[in-house]
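Structures given as C-alpha cells follow.
Look at the two complexes coming up: subunit A is in both, with subunit B in one and subunit C in the other.
What follows is the complex of A and B.
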C-alpha cells in the first residue's frame, strides 16, 4: 500500500483488510491519486484514476438529467469473478473518490459498509487543509516526482 | 418473489418475543432485500456481515463434504443472529435479544425461509 500522506494509511489499510479488497485507489475528484493498494504499475494507477473519476462525473451528470437532487451515492460494476465499487465522499480536503476492486470472497454489502467507515475515518483524521501554494514551474516537476515516488516507491 | 409475502414472513418472525428485527438478505452481494426491523438496528451492516458468515459456513460445509447449510446461529453476549436459507440465494436473518425463545425462533425460521422464493 502506498499513500501520499501518512494519516491516510490506517483508514485505507482497514478498508482493504476488512473488505478483502484486491485493489483500492483513493483520489481527488479531479483524478489525482492520494493512496493506492495492490497496483504495481504507475500507468495502471493513472488509467484507473482517470477512468474512475470520469465514470463518477458521468453518472453524476446522469443523475442530474434524471432529476436527482444529488449524484448517485456509488457506482457498482459486478462481474463474474470480481466487482468494482466506485463512490465519492466529502473530506476536509474536498470531495474524494474511492475505487475498490473486490473478488468473490467479498460482497458489495461488505465493501459498502467498510467504505462508509473509511469515509467517516478520513473525515475525522484528515488534517485541516492548508492554503494552496502558488505552483511554480521549477518546483512542479520536483513535487510531481516526489508524489510518484511516494505512491510507487523507487528512486 | 413477492415483497408482500416477504413482509408477512418478516412480520411472523418479528412477532416472536425477543426478536429485534428480521431481514431478507441476498447472500451473493450482502445487501438488504427486504426488512422489518426495530429502530436502532443497522440492517445494512447486519446484512453485509451475515452474508459473510453464511458464505464462510457454506465453504466449511463444502470442505467437510456436506454441501448445504440450512441454518446458521451466532450467539453472543447481547443477543443472537440466526440466518436461515431460502430460495434464489436469499436468506432470512433474525437479530434477537439474549432472552429470545431460541428454539421456537429456529423452528419458525426454518419453516418461513423456504417460502422466500
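What follows is the complex of A and C.
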C-alpha cells in the first residue's frame, strides 16, 4: 500500500482488509492519485486513476442529462471473476474517488458497506486545509527576505 | 508529495507539512550543455554555509553528469522550516521518467543561458524544451515562477551577447534576469534569492500585504 499522506493509510487499509479487495485506488476527481493498494506498476496506477476519474465524470454528466437530481453514486461492473466498484465521496480536501477491485470472495454489498465506512473515516481524519494566509502569514516575505540576505551574505 | 491548492484553484506542488510546519520547494536549474549548471551548484555549495547544506550529489569530485542536486536549508521563517531542493537537469538524458517527475513537481524554474553568441540556438532549444516538459500530472501546461541567469558574462565582450540582447531573445514579460560569473559567484545568489521569493509568493496569492 502506498499513500500520499500518512493519515490515509489506516482507513484505506481497513477498506482493503474488510472488503477483501484485490486492488484499491483513491484519487481526486481529476485523477490525481492519493493512495493505492495492490498495483505494482506506476503506469497502471496512473492509467487506472485517469480512467476511473473519467468514468465517474462521464456518468455524472449522464445523470445530469437524464435529469437525475444527483449523480449515480457508484458505478459497478460485475464480471465472472472479479468486480469493480467506483464511487465518489466528499472530503475536506474536495471530492475524491475510490476504485475497488474485488474477487469472488467478496460482494458488492460488502464493498459498498466498507466503502461508506471508509468515506466517513476519511472525512473524520482528513486534516482540514488551512487557508493560505495562515500558511504564510503577514510578514512572511519580509522575514524570508531577511533570512535569505543573512544566508547569502547580502547584509 | 502533498499538494497545496491555493484559493485560485491552481495546484502548487510545494511540500507543505502543516503538522511539522515545514515547507519544501523544488527548483529546477535548466540550461544547455556547458551552460554552467554544475558550476552553479558548486558555487552555491561554496557560498552557502555548510551547516545549511542538507544533502546533495557528490559535487566537485564526482558531479553526476545527468542529475546534479543540492538541498539548502533556509532556516526557520516565522514558525516554518523552509528547505529548497535544487536539481540541475542535463538537456539530454536517459532518465526521462526522472525528468518528467521533476518537471511535474517543480515549483520554480532557474533558466541558465550561456551568454556566448554561438550558443544562442542551444539556449533557445533548451528553454523551449523545458517549457514543453513543464506539465502537471494531468498533462496540462504549468506556469511557474522563472528566473533567468546569463552565465559567462565574464568572457570577453566579442564572444558574448549583451544582457539586453539575451533578455530580448529569451525573457517573455518581466521575469527577473541576472548577469552572472558563475565561477566567482556574481549573480548566482541574487538569482536564487529572486526565485525563492517569487516561488514563495506564488504559494500565497491571497496573502494580505505585509506591513
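Some points to look at:
Here is the rule we use: the second predicted complex is superposed on the first by the 129 of 155 C-alpha atoms of A that agree within 3 Å, B and C clash if a C-alpha of one lies under 4 Å from a C-alpha of the other, contacts with A are read in each partner's own complex, and residues count from 1 in each chain.
Going forward, a residue touches a chain if its C-beta (ideal position, glycine included) is under 8 Å from a C-beta of that chain, and two chains touch if they have at least 3 such contacts.
Please read all numbers here as calculations on a predicted model, not as lab measurements.
Look at A:63: by the touch rule set out above, it reaches neither subunit B nor subunit C.
Using the contact criterion defined above for the overlaid structures, shared-chain residue A:107 touches subunit B, although it does not reach subunit C.
Put simply, more of the residues of subunit A are touched by C, taking subunit B and subunit C as the two choices. Of the two partner chains, neither subunit B nor subunit C is touched by A:55. With both structures placed on the common chain, the touch criterion links A:78 to subunit B but leaves subunit C unconnected.
Of the two partner chains placed by superposition, only subunit C is touched by A:32; subunit B is not. In the superposition on chain A, A:148 contacts subunit C only, with no contact to subunit B. On the side of subunit A, the complex with subunit C involves touching residues 4-5, 30-32, 46, 94, 127, 129-133, 135-145, 147-149, 151-154. Residues of subunit C that touch subunit A in their complex: 1-7, 16, 18-19, 47-49, 52, 72, 74-75, 77-78, 80, 82, 137-138, 189, 192-193, 196-197, 200-201, 203-211. Of all residues in subunit B, those touching subunit A in their complex are 27-32, 44-45, 47-49, 51-52, 55.
Every residue of subunit A that touches subunit B in the complex is listed here, in rising order: 78, 106-110, 112-113.
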